[in-house]
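Below, chain A partners chain B and then partners chain C, in two separate complexes.
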Partner chain A sequence: MTIAETPRFVRADGPDKVTGSGRYTADMQLAGMLAAKFKFAEIAHARIVRLDLSAARQIPGVLAVLTDDDVPDVRYGAGLADRTLFARDVVRYEGEVIAAVAATTKEAAQAAVDAIVVEYEPLPIVDDLEMATADGAVLVHPEWESYRASPGVPRDGNVASHSSVVRGDVDQGLREADIVVTSRYIADGSHAAPIEPRAVVAQWEGDKVTIWTSTQVPFTARDGVCQTLGLPTNRVRVIVPHMGGGFGGKCGFHYEAHIAALARTARRPVKLVFTRREEFIAPDRRRESMIVDLTTGVKSDGTIVARRGQALLDNGAYTADSSFFTQLAVMHLAGPYVIPNVDIGAELIYTNHQPSGSVRAPTAPQATWARESHTDEVAAALGMDPVEFRLLNAVETGKVGPSGQTYDEIGLTECIRKAVAASETAGPLADNEAVGVAIGWWPSIPSPSGAYVKLDGDGAGQIITGAQECGTGSVMTLRQLAADELGMDPEDFQIVHQDTAVAPYDTGATGSQTLFNNGRAVIAAAGQIAEQLRELAADRLEASMADIVLSEGAAHVAGSPDRNVPIAKLARIASYGELLIGHGSGTPPSAPEISGATCAGDAGMAAWVAPQFSCHAARIRIDRDTGVVRVVRVDAVHDSGTIINPIGALGQVEGGVVMGIGQAISEGTVYGADGRQRNPALLEYKLQTAADVPEIHTQFVEIFTPDAGPRGAKGIAEAPNVPTAAAIANAVTKLIGRPVTHLPMTPERVWEAMR
Partner chain B sequence: MSHEFELVVNGVTYPVDVDPSRSLLNVIREEVGLTGTKEGCDDCECGACMVLLDGQPVNSCSYLAAQTEGRSVTTIEGIMNGDELAEIQKDMLDEGGVQCGFCTPGMIISATALFARNPDPTKDEIQIGLSGNLCRCTGYGRILEAMKHTAADRG
Partner chain C sequence: MKELRIATSLDEALALVADGYQPVAGGTDLVVAARGGKSELPDHVVAIDRLTELSEIDSSDGGLQIGATVSHARLMRDESVIDGFTALADAAALVGSPATRNVGTIGGNVMNASPAMDTGSPLMVLDSEIVLRSVGGERRVPVSDFWTGPGQTVSQPDELCIAVAMPDLPSESGSAYVRLEYRRAMEIAVVGAGAVVSLNPEGDGRVVGVSLALTAVAPTIIAVGGIADALIGRAIDESALADVAALAGDQASPISDLRASDDYRRHTVGVMARRAVEAASRRAAGASIPVPVNRSVGIGAVT
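Here is the complex of A and B:
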């Protein structure tokens, strides 16, 4: 499919966004609103020996100064409860919040923060993933055993989570191999870096609080406030105005409770807006750095027989939502290959760095970069073309993957063939150019999700959904589904969304799950109204309900388009009787079975519902004098099932590819020996610009996938971020003769690898 | 200390009385009350705060409001032609150039300035013209497509 063939799709929120009339959280002004500022640790590991707030409280205009003493004694965290709202005795990373201030102006709030006196006794910095698990290592959380955790996730000291997948006999497999290749790869951490820094506004009315916040997950944010401040869910309302991008960085519960607590103490609405530096250092959501070791055994005919692997993941100081990352990393080290014998493990390791958490396809870009670089090394050792090697070993329909899942109809090998063929149309390669190829996979996440649909008396429709729009367009696509169900036009619907008080539950803009799950809910809700309309029309047209067809804004009798009644007229009739209200949720697809594998630390990620597959071919150009890599073309081919909104899906692929280019060559967190970030600014942490980006050619291998999302769709938002860095790396290796084993592949690292 | 002057935004004159250290961005958002201009970094790196100053694109985060006295500021709210979307706004919608929308105002301001000085820019000129505006959602592809359409319609 080319863009010229895609149907036009104009987003319902588009006009707000091109005219500047759309409101984001930071744009809000409420009467009497105060400004909030946080006192951050600004030291990576230390015991607090003195905290003096007295001078801060004396600053004119300051109405609230809060610390750990002012909030309930609650330890929270998804999967592993190792976190408190404010630092308690010890700070474990530079962005930890010690105190929160609300004042009449930002300047007064900042002056109060500056007047807070903290004296520290420095503690040793834990920042080496291998040393952190050695005997006698300093523990980031000496009291780790007392923390509440999900059952079944092994933990030990600085290891916050361990997972493994063992299948077959890896020792025997490696003994039987003709060639064994071992590699080590190291990836730096990176950032989600949405262009909108996060913002939170809270206002109390009586014993109820309304919180406007730039979160990807309003229900999770609400539940975090309820848990930490001790409130029932019906007294906390979370509303998300337009959200300026998330990429996982705004998943989870962050600062909503801090601001609600300030607003309650100050008896005024309070607004927090992060600076760019705060956005870099404080949230517990950055992409984890990783050390990967892989050993793969192959037969001389190119068949993979065994793989041993280990990944060490930098958890940072707290666990955020990352407990399950170990199992995801294991799956990506295995990859979408048929491997009969595997023994792969991963450990999530506490350090004094910023906490890691879900950033677009967590663990996948780094682990895939390592695995696919290793894959090219194995092919080279065999003297085999790396594309042929992949085609020989890739999972396909009916084959059994490394964790023992048998795949239904999938299109991975078609993705590989199409990407390679497309890249070959770009003409001959210059001496300093090469094409690298990499494949990837990513799960679709089944989850409960709800929506209402109503038609009012004039026939105008509303979709009221718990789903969250973070920019991708997935929520905007819902009106297409409702319109199709009711034979109406998408423009007949408005969407009321991201408000926990008015809509049923949805997981949020996370895990590429919005259209996958909420689409089903909207179709079910609209389907109930369709039934009501058919009943009204059957009565009016003197026909059987089964013969009523809804199309082009009218109900008509099948085969007799002249016998019709406009839906708007039926809606008016209904407005005097039984109202047109539908609700839906739908049962999420259940996880497929796996056979023959033993999974330690099983987080349900060893078997994937509606797995997505991809192949990227990246054509790059290298400057041999400087080590500068320029990506000139990417061919991206994706099996994400049925594509419902083509222009939205294209936008996801192009955005994911460019984020992947950034991770490949320019984006990486630099830490000092003091455990603090050295590049928390957009000048030093380089995102790709419009002048940097290559031609991107996208194709979809559309396979109707049963037991998946609506109309056989899978997810799409994260998958495009998975294989790009790997494809670029394999092109670099072709040009310089050896892999660059440290991500990002900056000019310095490429230049060093060349010599 | 404050400075009293007249600030002209989108053809409307606003009397303002602000501390001379305040940025144009801050005064547009908080005194004038136009919030379409966004703050992404306060450091001239992201371009979300771009406005036209006498037709030239500037990062309003790093421009003092007081420096604009006697000059004309255009924000995203002043880009429409009366009640009609400008060509570039329509093309951004039609081509899928808008996702989260946070960079969109600055992007449209940059594009407006580009087309004013070069009505028929090449692909390279468009890419360079927008290189001061970071977008994390789109990978720029759909935005560049929108700009190409606008250029084709004007050229």
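Here is the complex of A and C:
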């Protein structure tokens, strides 16, 4: 199939977003609602020597002022429990919350925040990834050993997690190589930068709290509230209104417990809405900066024999969900190549920066940019065409990858061929233009997930799912799966989603997993109703159940379309008897095996279920006088298995490419020597705008993938973000003759490299 | 308590300003700065955006007089601006986004006095005057005397800017404004340059008049001294353009900040200067380069 084919259907929330009828968390108004404001540390590392709330409490209209003293003594964190809701004695980054205030107006809340007196004894700033691990380095968490952590993750002082993949004998491999190339690349951190800053509303009724919040992961948010406030899951209900984007930045548990605690103390509903600056500095989700060292040995025929590599990742002050990033980074430094001897490690390092966490394809854009730039350097050293070099060394069906996983049918080399061929159709290159090519890979993430489906008496369908919609559109696509299962139209279904009290569990809009896992659940749930409908129809049509076919809104006997009964009629019959209710979850696909590799700090990321592959060819133009780079065309080809909703998949690729362009050339956090962000604003943190978007041509290499998502699908949401910056970098190198070794490749950095 | 008055006549506005009210036109500097926490909203504000007296573009007396509340969107489309004062249209077309251009005004841009303001270099090379009025009367200040530092002008708190005025250019003249852009919308000038070039009417391609001004490389917009000496009598060729770039780089005194280092600004302002002079001279020679020049030169060009 080509994506030129008519799309199946357009997302259901589109009109709400375009017309403004969609209601976001910040739009909510409840009777008696208070406004919340936080007192942030505003200093990167210091001991609190005095905290005086008395003046703040006196401000008229202030109904609650909370600090660490007012909440249970709980340390939390996904893989490593190093975090508390409020700062305790020491602040470790500028956006750490010291106190929370609720007041009748925003102004009163702000006045109270301003009236809070904090005196600090400044502590040395830890912000250098290499110095942080040196002997005698100041520890960000002197008490790190006492923290509860996932088993099997090596830690040591400022190293919050370490992992490595070792296979074969790297020293021997490098000795046998004809050419050895060594590179160092440095990537700045970046932000998810959703257009909707986060917002939380909490309201108590008796001993139950309802929290409306702009989270990508309602169940995780709920569990965070339960853990930190000591509540069972059935007394915390998390509902997500319309979301204005997340991009990973709204994964995890953030401020839901702070607002619930304020609402409980104030005995009023409370609303928090972040400013843009707060959205930049505070949440523990930003893309980690990284230092990458790579050494690769190749034979003169172009085959890779060995790779040694190391990545240092900036964890920031706390470990959000980043424990497993080290293993992901290792996999991206290895890349989708056949390399018999590898020794690659990564360390996640505490600093006094904002904590890092999942942002769309964590670790991948930066690590892939480094690896693919290095790959072009290796090809250049060989005097080999970089595309040929990739075709020669890329993993393919039946081959063994760098971590010892043997791949079933995959389409990586086809992605490469198609992307390059498509980019060549764009005509000859001007002398200030070049095309760079890069490949990437990304895991599909199996996880438990559930859904209910029901058909009511009029035959209208409802999908009640734990899945969450952050703008990906994948929840919308669930209607297509249910409809196909029941021979109905997607428009016959409405979706109730993102409400933890109503629907079964789902991991949330994270890890490209919604359709991959919740699709399985919806198909299973709809399948139960299909059985019921067949039984009812068999009865009415006097046929055997096995012969009943559901299609076009009716049940008919196979081979005799005229012997039929409308599904709406069956639904009416059922509404007087056994109701049409299905529930589904299904078993997630299990992890493949690896052989021959030793993995320290194994987070289950060395072998990938249904791995996704991609190749992007980026055509760029350079202004040689200024170093300004403009991307004029991207040809993106993806193996994401079966494509279920082409228009949705296309949207993911296009969005991912644009995000990738930003990371390549304009988006990067700048830190001052004081450990604070210098550009927490949209004028100085430069996202790409609509006017910058190039032509994007997308193709899918569709391979039915067993042990994957529904109908042989893999994930798609993060993959397009993986190789974009890398492809752009390789084009830049072609034009200026050497790589720009610092991401983002801003005009000034390109100009410096040209000099 | 904050107070906002919406003026319905210029006299009313002048009286309020004399009373200490601060004018707001589009609010894209004033309100945005307040929301961003940069500076607090003044307690007493008078909105002047509805004053028809300030929204005219008038060429009846020769030259052009542009009312203070004329928006960037109008400037970039107005025939008389595009025909005779193209650099100003080039600049207006680059401001922010369509929304910013629809709301932001030339008076606000001038009075906000940012060293990165885009209409500044064009106004400088077009020899403009700022028309100020207070209840006590009217005065005209040449732009070369108007800006005194970042956010600072010679205007008094009781004065309103009611217009900017500029004389017609000699025949065979062209003007252009070019800025360095990292992206194609919502950008702020890292550096920029505006130029007017007048060519010998005999058609030998020699320069008979030239002026050049630079954006975002000093505390205010600056005029490049000595540019006339350097170019008059010469054709605009590679060597002349190299001299333009060198002169601009020499006279720039840029700072290093988040957007760029001083070195990079000094280099790129030279590039912008030569592009502005080149585009202005091509326009002087009759070439039609659409507004804004940024979309035709360098890689900002639309394909």
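Just so we're on the same page, the second predicted complex is superposed on the first by the 750 of 755 C-alpha atoms of A that agree within 3 Å, B and C clash if a C-alpha of one lies under 4 Å from a C-alpha of the other, contacts with A are read in each partner's own complex, and residues count from 1 in each chain.
As a convention for this text, contacts are C-beta pairs under 8 Å (C-beta built on N, C-alpha and C of every residue); 3 or more make two chains touch, one makes a residue touch a chain.
This one's a predicted model, so the numbers in the text were calculated from it and none came from an experiment.
Colleague: Touch check for A:E542: first (chain B), second (chain C), both, or neither?
Modeller: In the superposition, A:E542 touches no partner, neither chain B nor chain C.
Colleague: Thinking of the overlay built on chain A, is A:D27 touched by chain B (first), by chain C (second), by both, or by neither?
Modeller: Only chain B is touched by A:D27; chain C is not.
Colleague: After lining up the shared chain so the two structures overlap, which partner does A:D73 touch, if you call chain B first and chain C second: first, second, both or neither?
Modeller: In the superposition, A:D73 contacts neither chain B nor chain C.
Colleague: Please determine whether it is chain B or chain C that touches the greater number of chain A residues.
Modeller: Per-residue touch count on chain A favours B.
Colleague: When the two structures are overlaid on chain A, which partner does A:D16 contact: first (chain B), second (chain C), both, or neither?
Modeller: A:D16 sits against chain B, while chain C stays out of touch.
Colleague: Figure out whether A:E205 sits in contact with chain B (first) or chain C (second), or with both, or with neither.
Modeller: Neither partner.
Colleague: Just checking: does A:G245 make contact with chain B only, chain C only, both, or neither of them? Give me first, second, both or neither.
Modeller: In the superposition, A:G245 contacts chain B only.
Colleague: For A:A690, is the partner it touches chain B (first), chain C (second), both, or none of the two (neither)?
Modeller: Both partners, chain B and chain C.
Colleague: Between chain B and chain C, whom does A:V628 touch in the aligned arrangement: first, second, both, or neither?
Modeller: Second partner only.
Colleague: Please work out whether A:A681 is in contact with chain B alone, chain C alone, both, or neither, and reply first, second, both or neither.
Modeller: The answer is both, since A:A681 touches chain B and chain C.
Colleague: Considering each complex separately, which residues of chain A are in contact with chain B in the first and with chain C in the second?
Modeller: The answer is residues 275-276, 681-683, 688-692 of chain A.
Colleague: Quick check on the complex: what are the chain B residues that touch chain A?
Modeller: 29, 34-43, 45-46, 48, 75-77, 79-80, 85, 89, 92-96, 98-105, 108, 126-128, 130-145
Colleague: What residues on chain A touch chain C, complex-wise?
Modeller: Result: residues 275-277, 432, 621-623, 625-626, 628-630, 632, 665-666, 670, 678-679, 681-684, 686, 688-692, 746-748, 751 of chain A touch chain C.
Colleague: Inside the complex, what are the residues of chain A that reach chain B?
Modeller: 3, 8-11, 13-24, 26-27, 193-197, 242-247, 273, 275-276, 470-473, 647-648, 650-651, 654-659, 681-683, 687-693, 696
Colleague: Going by the contact rule set out above, which residues of chain C touch chain A in the complex?
Modeller: Within the complex, chain C touches chain A at residues 36-37, 97, 180-186, 188, 258-261, 264, 267-268, 271, 298-300, 303.
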